[in-house]
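This report refers to the structure that appears directly beneath it.
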C-alpha cells in the first residue's frame, strides 16, 4: 500500500464500506450504487450490524462483500428467497437485496414475482445494465431485441422485460427507478424504499462499461419522471406500461400491509404438543 | 367396458378424447375444459397427430392422457418450457399447454413470465381453481388471502396473483378468460387463441368441487366482460388491473410477431464447419 | 439553465464546502484503489496525490468550521449544480486504461465545477459574511483550477489507441 | 389363530371399500380403540388415483409387542365393496386361514381374492346399514371386526364418542347402533385370534405417524422456522408443523417452489433460527444446488425427504428407499453433509431431533431420509423418550476481537456470527473463500476449506446413536430406514427358530463411517444388506466407502410394496444357507 | 535444453502481464505460429477475478509429440509486469534451468519467482515498445520468445498478418517492428531448447479447444437444437453452437434458467430433434429433477457439464473433476442414465458425438463430463477422425398397428413415435406407467419399467469405445476425463525409465461396467486411480460397483491446479514401490 491520508472520522457512508476492494471495472455504475446505498444507510443511521445485504451471483451481486454490514452472497437467482427467510425470522434487521437484471429477472424471475406479492418488508435494488456482465455479455431479459452478441447473434428478437410493470402487477408496495450517475438521488430513493413498509423495488440503471459501452450515453437520456408518484394502481399501470425506461424517481407507493409472521403469539414448550398423541 | 352407444361417426370432439377415464372428481370443472378443448380442435379440424398437449403436474395437468393427440405429462411447473422446445423445433405442430394455477403461477411462474415475453406460437390453458387440488387443498397464488387451510391456518394473508395482468405486462399476445361452466364459450376462446399467432393465454375458471365447494357458486358470478377486447396495451392494463376476476371473454389481443427460429436458413453439413480449426 | 441555489447561511455553505472536499477526497481514494486493482499504477498514484491535496482542503475547511455546528444536510439536498458533489469525479467517467492526461482532465473538470458552484453562490447570495466566504472559496477554487491546468499541460496527450486492449474480457462466475 | 408359534402374536385386518365407504375412518378408529385396549399396532392405507371416492384399503395390524411392518397375511378382510380391488390385491395377501367377509350385494368375491382359498363369510353390510337410522356400513364393519377379535366394548365406545363429538348425538347413536349390529353379526362367524387386550400399559403410549414424529423431533431440536412447498407424502408433516409451530412462537411459510423454500430456510438459519423444510424426491432434486450453498457457506439446515417411488414423478403415494443416492451424492462439487435415516415411526422423533442438533453443531445441511411408509403409517408406540442434546451452534461473541467466519480452528467448526452482533460482520459465501470469507481461487484456500468442511463431519463423535445394533449372530443383516422394522421382526422370527443374526441399522448414513461399519460387522462371517430400491444403493455405498471385514450380499427390490416379514424370513433363510 | 532424456521434448512458455498487456493474445499467436511450424502444443490461461484489466498468465506448451498436460516447469517466463503475480505463482513452476525475462521498470523480480533460482534476464519491454510507433510490449515479448525458441520467422509473420488483418496495415507494421525488436533482443540471451520445427505435418492439424470440440461432436452426432443458460466455463461452447448451428439449419435458444433449458431440450427431442444443453455444476444441479423426467419418459437428451471447482459457486474459472457424483447419482429415485467423459481436448469431438448417438439409440439422457481444463485449453491436434455411428433413434412407424410407447420388447428400447405420425399418439410420462404409457402404481408395472430402463443401458454393446486402454504392465493406472492426459505422459516418462504400466481410461462411466473394468485390470497386480477431486469419487464408484481383481489405490486431490506430469511421476513411482 502506498501511503494515503486517513478517512474522515464520524459515521459516514464510508463506515458502511468494507476493506475489500471491488473487482468491478472502473467506470461501472455499480460503484455509484455502492455509494448510494452506503449514503442511504448513513442517512438512516442504521448500525451496520443491524443491516443484512443479500445477493445472488453477478457483478452487481458482489455488493455484500464491499459493505461492512452482514452479507450473504448466495447462489444465482435466489437472493430474494434467501432474504425472505431472513427477514421473516428476524424482523428486527434491515434487509436489502442487491443484484443484477439477469439474476433478478431471468433465473430469479419467479422469486421476484412472489416477493412482490408476499410484500415482506425489505428493499430490493437491481442494478440493471441490460446485460449479463459477469459471464461476458449475454443478453438479459431487459436487453433490447436487436442487441447483437455471441450467444444471440443478431439479437434475441425478444420484447424486453419491464421490471417496474411486473413489480406493480405483482404487488410491490414501492416502485422507483434511479440512475447510478446520480448517486445522491438514488440514495434518496433507497432511503424512501427502506422507510416504506413492505417490499420496495428500486431499479437502478447502472451502466456496464465493458459490454455495453453505449450505456455511457445514458446520462444524457435519463430525466426525472414528469409527474409525481401515484398511489392509484390503475394509473400507475397505464403510466408504466408506456414508460420508455428512463424516467427517474418514485413511480408508485402503496399502502399494503407488509407480510409478517406471528412469531410472538404463544410461546409454549414442545412438550406441550405431546398431548395430541397420547392414547 | 360396459356396452355404450358408439360415438357419432365423423370428426367430432370425441375423436380427440382418448380411451382413458379421467380420475377427476365428478363435478370438477376440468371435465368441461376437456370438452371445450376437444370441441375447439374439432372445430379447427386439426388432425389429432398434429396436436401436442403438454402439461406439468396437478389434477388439471392430467389432461394430455385424456386426449387422443400427442401428449407429454412432464414435471411440476415446467410444461411451458417443455412446450417451447417442442414448438420451436417443430413449428408444424399445434402446441397446447394445459395445467393448473399452482403449476403455472407458483412453481412455474418464471416460465410463464418468459413464455409471454418470448411469444412462441402456442396456447396456454390454465384451469384456475385457486387451490392445489392434487395435493389436497393448499392455497395457490390465486387463492384469496383469508382462505383457511391446514398449511396456512387462517389464510395466507397474501395478495392473490393476477395472471391476466402478468400475462399482459410480460407480453402475451392474446389474453382471455373462460369458465368451465360454459364449455362452448370456452371452446370459442380456445379456437381464437390457437388461431392467434404468438403466445395465447386462456385462464379458465374451473371449480375444484372437492377442496373449494364454494366455487360451485361461480356460475352465478361470472359474466361476459362489459367491453370489447382491446389492442391498446395501456387501456388493457388499466382494465385488467381493476378487474375482479370474473369477466369472461377475450380481454386483449396484440399483433406482436411470434418468436421463431430460423431453422431453414442454410443447411450445410457439419464438415463445412471444420475449416475454422485447420492450422 | 442552472437551477437556483438556496444557501442561506455560513454554516450551510461550510457544510457544502466540507461535503464537497470530503467527497472528492473519498472519490479519489476509491478511484486510486480501482486503478490499483486494475493495474494502472501510474493513474492510481496520481489519484492518491489528488487525494492528498483534497485532504489538505478538507483540513482547511475543518479549520474554518472550528467548533461551529454545521447543519445536517441529506446527500440529495446539497445544492450542487450537477448530480454529485461538485468537486468529485464521477465514477462513471473513468476507464481502467486511462492515462494521467485523462485523470487530470477529469480533475480539472471537477475543480471547474467547484469553481462554478461557488461562482453561482456568489451570484446568488446577499452581501455579507456569507458572500465573503463564498468569494474566498471561489478564489481558492480558481487557484486549484490554475494549478491543475498547469499540471495537465505537462502531461502528454494520450495516444489515439489508449483504450485498446488486445485481450478479451475475462469471464467469471 | 393364524400366527405360527415363531411369529409375533398379531392380527392383521383390512377393510376395503370406495366412494365414501369410510374404510379409512373405520380403520383409524380400530387402531385408536385397540390402543386404548392396551395393544400395539399400525395403520396404513392404500388407495386409487382418484382424489375423492376412489377405492381404498385400510390396513391395520395389532399386536402385543411393538410391530413395525405389515403382517404376512391378513387374518380378516372385510369388504364393503370390491371396486378395483385388483389394483391393490397384491397389497392384501391372504391365506387359507384368512377370513374374508363380503357383502353379497356387491357381487361375487373377485377371483384375485377367492384364489387365496380364504374362508368367505357373507354379510349384507349395506342392507344391514339401512336398518339403522343414518347407519353406515363402515361402522357395521368395525363392529364385526371388534366382535371377531374381542375388542373390549368400552374402548370402541370411547373412540366413537370422541370421533363423533362434533357430529352430534344423533350421529353417535347411529354409529353405536351400527357397531352393535356388527358385533352381533360377528357372533355368527367363527374366528380364532390371539388375545391382545391387557388394558394396563406400563408406559405411556402414543399414536403417531412418522410425519408427525419428525415434526415433533424437529421442534424438540429447536426448529422454529419452516418454509416449504407441498408435495406428497411430505405434506402432512408440513401441515402438522404449520399448526403446531404457532404454539411455539415459530411459523411455517408456504414458498412459491422448492428453490425458494430451501433458500428461505438458509436465510432464516443464517439469521440464527434453526430451520427446516420437508419434501419428497422431486423437491429434493430442485434443492440440490442450494444445499451446496449451505455446505459452502456452512449454514445449518435440515431437509426431511419423505421418499416415494421414483424416478421422476414416479409413484407419489407409495414408499421406496430410492433417494439414498441423491441424498448422499446429489450435490455438485465435493460437498460433504449429513444424511440420516430414522429406523422406525417413533424413531422419526429422535432422528429428526438429532439431525437438527447435528446440523446446528456442525453448521452443515442435514438430510433426513424418511419415507411414505414411515411418514404415513400411524403406529401405537411407547412414548419416545426425551433427549436433551448438549451440543448446539457455536456462535461468535460480539467484540471478541477479529472474527474469521471460516477460521480453521475448532476441528473445522468456526464460530458463526449472527446478524445483529456488532463487530462480527461478515459475508457468507458460496464462492470458495479464505478464512475471512473473502472470495479466493487459490489452491491453498480451496484445499484448506475443503479439508475443514470434511473434517468437521468426519471428526465429530457421533456416539452410539449412529446405528442400532442388536443381536450377536455370526451372520448380520444390514438394513436402514423403514426397512429396519421388517428386518427386525424377520430376525426375531428366525431367532425363535434358533438362528441368531446380528441386526445393524445405521441411523447416520453420511458422513460415511467405515470404521464403525467395520466394527459393527466384527466377527461376522457374512452380511446381507436389505433395502427397498432397484439399484441396491446402500449396498453399493457400503462397498465403495468401506472395506467390509466380511463378504456382503444384498437383497433389494423396488417399491411400491413394503417389505414383508415372511418375504424376508424366506430370503434370509435362503441366504443363510449360502 | 531443459527436458530430461525421459521427458517428451517440449517447451513451456509463460507470458504474464495485466491491464491490457495483451499476454493472452500473444500466447494465442505463439500457439498458432508454432502449429504452422509443425509442432503440437497447448495453450491455457489463468487470470484474476477482474473482468477487465486483471492480471493474466498465458501458458503455452509446445512439443514434437501431442501433449495433453502442462509441462512440469516453465522453460521461459516473460513478464510484462508482475502485478499480483503471487496469486498465480503456484501455477507457474520454475526451476534453476528456467529463464525469466523481466522488465526492470516493473520493479524487482518478486520473491515467489526469484526463489526458484531461475536465471533472470532483464529487458526493458515497455521502453522498447515505445521506440516503435504503436508498438506494444506483448509483441516484443512474442518476438523474444520466437527468437529464443527459434520459431521460423515466416510463420510468426503469417499469424500476425492474420490476427491483425482487421486492424489495418499500420497495426500490422507496428507489430512486426515490435516483434523484430524482440527477436533481436533474444539474440543477446542464451537459451537452449529442443528443436521442434518440422513444418511438414503428415496429417491435417487443427487448433481447437474442448468446448469447440464438444460442439463439433454434438453437431456431428446430429444435434440441431440447443437451449441453454450461460455459465462459466460452458459459455464458449454455447457461443460456438449459437454461431455454427445457424449454418446447419439448427438453432440455439437462450433460456431463462437451467430448469427451462433442460425442459426445452426434452421438448425438442420428444419432437424428434436431437437436442443438447451445456452447463456447469450449479446448472447441472438445477437440471437434476428434469433429467429424471427424461429417464422416466425415455427421451434422449445430452447435457455437457463443463466442470469447475465446487461446491456451490466454488471456483468458476478453474477446473476440477468433482461433479462425478452428481452426474452418476444426482437424480432422485432409481434413474439409470448415461455418463461419459472425454479423455482429451480432441476426444471431446468423439465422446460428445458418441454421447449423442448413445442417447438417441438408448432413449436416455447422457451427461458428458468435460471440464474447464479440456473446455478452455486450446490444443494443436491431429484432425479428429470422422466416425459415422450406425445406431440411431428407433422410431415407431405410422400405422404399424397398436403402438405401445413403453413396450418391453427390444432389449428395453421401445420404438418412439414422433409427434406428427398418425395413429401412434401417446402421452410421454414421468409418472410410473404401464407399457402404453398410462399412469400406473402397480408393483408389476413399476418393476418391469425399472428393469427395462436399466436393461437397455446394461445390455447395450458399447464396443471398444468404452475406454482407452494402453500398455501392458503388471500395474495399472486408472484415470478418467481430463486427468488422462497427464497420466498418459507420466506413464510414458516412467516407461522410458523402464517401468511399464497399463493405462485404463474409461470413457463410458455409467452405466457401470464391472465386467469390462475387471477385464481391463486382468493380470494386473495393483491399480491406482488418479483423479482431480477431494473425495476420490471415481475410486469410490469403482469399488462400489465392481469387485476389482486386484487391490486398488487412489491418488487424488482437488483443483484448481491441474495435475502435473512430474507430480504424477513422483506419486506413481512412490506407489509402485508400495
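Things worth noting here:
By letter and in written order, the chains are A, B, C, D and E; residue numbering begins at 1 in each of them.
One rule holds in what follows: a residue touches a chain if its C-beta (ideal position, glycine included) is under 8 Å from a C-beta of that chain, and two chains touch if they have at least 3 such contacts.
Just so it is clear, the structure is predicted and the values come from calculations on it, not from any experiment.
Minimum number of contact steps separating chain B from chain D: 1. The set of chains in contact with chain A as well as chain B comprises D, E.
Comparing the chain pairs B-E and C-E, the larger number of C-beta pairs in contact belongs to B-E. Most remote chain with respect to chain D, judged by CA-atom centres, is C.
The distance from the centre of chain C to the centre of chain E, each centre being the mean of the chain's C-alpha atoms, comes to 50 Å.
For the pair chain A and chain C, the distance between mean C-alpha positions equals 28 Å.
Averaged C-alpha coordinates put the centre of chain A at 37 Å from the centre of chain E.
We define each chain's centre as the mean of its Cα atoms; on that basis chain A and chain D are separated by 42 Å.
Contact of a single residue of chain A with at least two other chains is seen at positions 23-26, 57, 59, 73, 75-77, 106-107, 109-110, 113-114, 134-136, 141, 210. Within chain D, the positions touching two or more other chains are listed as 49, 246, 256-257, 282, 289, 292-293, 297, 312-313, 429-431, 439. Across the assembly, chain C contributes residues 37-38, 96, 168-173 that each touch 2 or more other chains. Chain pairs recorded as touching, per the definition above, are A-B, A-C, A-D, A-E, B-D, B-E, C-E, D-E. Interface residues of chain D, counted against chain B in their complex, comprise 48-54, 229-232, 235, 238-239, 242-243, 246, 252, 254, 256-258, 282, 312-313.
Partner chain C is touched in their complex by these residues of chain E: 18-26, 47-56, 81, 83-84, 134, 136, 138, 232-233, 235, 313, 316-317. Per the touch definition, chain A reaches chain B in the complex via residues 106-110, 113-114, 117-119, 141, 157-159, 161-162, 165-166, 168-171, 233-235, 237-238, 241-242, 256, 259.
Residues 20, 47-50, 52, 54, 64-65, 68-75, 77-78, 81-90, 92-93, 110-111, 113-114, 261-274, 277-279 of chain A are the ones that touch chain D when the two sit in their complex. Residues 22, 25-26, 29-38, 44-45, 48, 51-52, 55, 58, 74-76, 78, 80, 83-84, 90-96, 98, 168-173 of chain C are the ones touching chain A in the complex.
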